[in-house]
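The two complexes that follow have subunit A in common; it is paired with subunit B in the first and with subunit C in the second.
For the complex of A and B:
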């Protein structure tokens, strides 16, 4: 094992030791995205304190999308497991010092919280479904009739969302063997990256749902098919500028956290400095600067700034850029992290 | 500081991609702001209704031409290092006609189709998809048309060389031609497109010295000065900066360690030219893989373009040091020495010596790495226990030249270019 981890780092001699493929970055991205959706939905619920059902992108579409996205993320995580039949054993114990144990229990709590949030407004999001299954309307009425219950759902979504977002980062951050990951900044970084992707996703959905005569006909056709099938009412688009504004704040904080992560590494041991240089000017620099910083953060910041100043129309371009940037951030950190190692300090 | 920056090794491949991203975004932004994301506007030039594209192109040509001339003349850019596309006259004319036909049919050139796709135009996206399909198709049929693609070669040719006129006179001629093209374009827009000249343009019915006209006069003045300013290229008898040469020779930056070169070769890097300056017989007996044999006496024969990064080696250090000095004085800026020459290569890469049994683990680890490297190059690591053989056997060379990886100079790789 010593030989394995220590010196066979020339890719021409040995393939690089990359244990994690596409599954983990995809899971970390989707986990962060769902955490962001939960927090935004929770905050919206707390601010609105609704007593009647409304068609809101944050509280109706968001949680529903969150359930689907988290399930795909969990599937990716499951695919990565070597001993798949042993997965139930994670739920026989709780190890307070293990991020894996925390994560498996948090993931278990996410579902009821998201479901409660989704069910509150489900009859408004998919009226076709509520018509066929009247129980959904009953559950929704039951929740909305009890303001304290609504507040409880909101608080639970915020708390579990923050826990989920931070956990996806700490999962890597607690691994001392990989210098690049070994930073507590990774927790808040993934949380805010998740928040920015969630705000971008909701903003993109809002933009898509508003009528637009410049959109290609086939796209309009697909959207109208979806609306007709679900019998959904038009979403309240007044929240769009707020979402863009929030997204810009999250992106700015994310940028600052990336800066903190790199500063922390650059002022640490030689191994940490070498790890930071993987991203700054090493083999991952081009992907990092172009796709994460340039296209994933700075470009959408600029575009959304113009949107907010009413200089250009709201489009899905910034949403797509932020979502791709968030995904690439996870891929780059997972790949560069596995390339970073302690023996660089020796050479 | 001298340009071109990449060729002088100011930054590596990764950073060059980041620079490409920034310049690409800037290029795309200004193309879009000029209206070049619109196929109707681009196609209008073929009907002489709106010759904006022609004007932009000539502005770019004149700016680059005058700018490069001035920068080279005052010594900020080394023109001999700027990459020039080799000329293959007939295939390039045919290619130009095909591109022009595609431009008229689709309404975009390659660059503007990217702009159009990026701002969400569906026709731009279709054009882009077609372009990628065309690239794949071209790559597939290339082996069958390679002979044609390399016909009528004329080398890296400039107009000044073709017409045997001084470079500065050519600059002046191009400035005059560009200004003539602007006037002709506006005239055509007026006569055929029925578009009245903008206020203040070259053809506007006023005698005032508008900003556009001032710019034209300034361009003409620079062109006129350029015509008498002499040659921007450094000649064969250019002066050597002995102080700079001494500084470079005194620093270790001009040397490449044998282990580092081995890493480069294993990683498959092709951005440098490895030159063996020993005679052909010694080269035939053994040489480092991918090396090109240029004996010391032949070095002055322009065997590579000036902008190549070159690593020279000989048996020991002497011949290579002479070659380094010779190449530097011939104007190759990026010449490196293999430290210790072939002897050092044999000692550290081919036949590394095992450390003593009680050496610290870090040395053992380093030896294990070296052994793997030695096996890659066909050498054998030397263990301490048995008495080392006096002359370890050199690795057998692969049958030349098809299998030898460096049989053709690495400089032959395809460079990317385009509008």
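For the complex of A and C:
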């Protein structure tokens, strides 16, 4: 029998580590979502005819939403800092071993890349804005007249999106002190979770923007209030099945990566095994199985499968489930990771 | 640093000395005592340890710091934080397997400094200098003639969590 007593009582560390609250999971979720939006926007921009002018959910609405979401994520990160006045110190140095340093520089590149993608087709998506600010039309014309530039913007969005998505996972994955996080699988896992939430968001926007007789009147009224100011043309909804299909692929890969993460831990040291059990049958198991795996991955996979086979109509239900599942995944991993630990009781 | 667990009685003088020397705010501590009891009666063993930052040779808290606030002293062996550079991101708190750091009420990450301000003046760290049982020894483990090297060569010893790969610089004699 071993009894261990620790007389330390530092706030945030004892009796259990709790240095990161809601801000970090929200930041990681929004960062992943924006990464996914960038990759989808980049791919879409590259595979469509570069000079085609369309109101595009992937290339305009997505990046514009990405700019807002990223700013919200950075605000959450800023709120988490306990020494906010020094935040500018991030940009006085580059620390190659620190994922957070990589992330702060990557975040700087995200804004111009997203903006360029959004501006390429902005006049079609939000004509009212383009009418007021003719510069938007000029910029769009300038970009579209140069196919190589369009491809460059697409490639930049894909590359920076991949870097951003992987960084959000490696931020935790490189912290070996917390066995649950200590896996490089977290990088691709957060990337694919980000891609699935991005595809779900775009799919949800398309579903909402499609005229629908069965929708309650007040919902239609609210939506028209939102879209009327922009005089937007209807979005091209032909891409909805592609997005649902892509989302299902991302969700399947995400599920496989969660499996790999757990297999890696279960076959590793006692500390890693204990960490995996926090999710599998420990205090976080109910949230993990019900909200992450069940409602966040399996249920939307099933619903979108039925949508794709034309058994049910496209609704925003799978989108909402995937978005909530992605958020809960970050919350549960950040919380359970802080609860996982090595033990110094024995030597 | 070498700490003799056979001499330590858990009086917490080191904790009080550190708090006084370094003006550690109320409710926080840079060093602390742990007690481990193992075995079954009548062969019960009690081990008392004075713990602190291990000033690791492979410090994950330094690697993860995005601003360079966490750093190794220019002469090596001591891990320090520059409060003016710290943004309070808490990555280093999450990266330390020993939970040796905390966020100072003024917002920056704080922890044991091996009383570097005293050591630079040729003095011993406050905890070492007050220990009534002389269980703590401070010196250069890379110097084979130092007090600590001789103790490590002559007595069985261990470090905390060597499996975490941090190469701790605080050794416990058994």
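FYI, the second predicted complex is superposed on the first by the 325 of 347 C-alpha atoms of A that agree within 3 Å, B and C clash if a C-alpha of one lies under 4 Å from a C-alpha of the other, contacts with A are read in each partner's own complex, and residues count from 1 in each chain.
The rule we apply is simple: a contact is a pair of C-beta atoms (placed from the backbone, for glycine too) under 8 Å apart; a residue touches a chain by one contact, two chains touch by 3 or more.
The shown structure was predicted, so the numbers you read here are calculated from the model rather than taken from an experiment.
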Contacts of A:95 with subunit B and subunit C, given as first, second, both or neither: second
The chain contacting more residues of subunit A, comparing subunit B with subunit C, is C
Tell me the contact category for A:104 with respect to subunit B and subunit C: first, second, both or neither. second
Just subunit B (first), just subunit C (second), both, or neither: which does A:87 touch? second
Once the structures are superposed on A, label A:177 by its partner contacts, choosing first (subunit B), second (subunit C), both or neither. second
For A:338, is the partner it touches subunit B (first), subunit C (second), both, or none of the two (neither)? second
Output check: A:290 vs subunit B and subunit C. Expected answer is one of first, second, both, neither. What do you get? first
Which residues of subunit A are in contact with subunit B in one complex and with subunit C in the other? 3, 6-8, 10-14, 346
Can you name the residues of subunit A that touch subunit B in the complex? 3, 6-8, 10-14, 216, 281-283, 285-286, 289-290, 294, 299, 315, 317, 343, 346
Subunit B residues touching subunit A - in the complex, by the definition given at the top: 12-15, 17-18, 21-22, 25, 120, 122, 263, 266-268, 362, 365-366, 368-369, 372-373, 376
Can you check the complex and tell me which residues of subunit A touch subunit C? 1-14, 17, 19-20, 80-84, 86-87, 89-90, 92-93, 95, 97-101, 103-104, 171, 174-178, 269, 338, 341-342, 344-347
In their shared complex, subunit A is touched by residues of subunit C numbered 12, 15, 27-29, 32-40, 51, 60, 63-69, 83-91, 93-99, 102-103, 106-108, 158, 160-161, 163-165, 172, 174
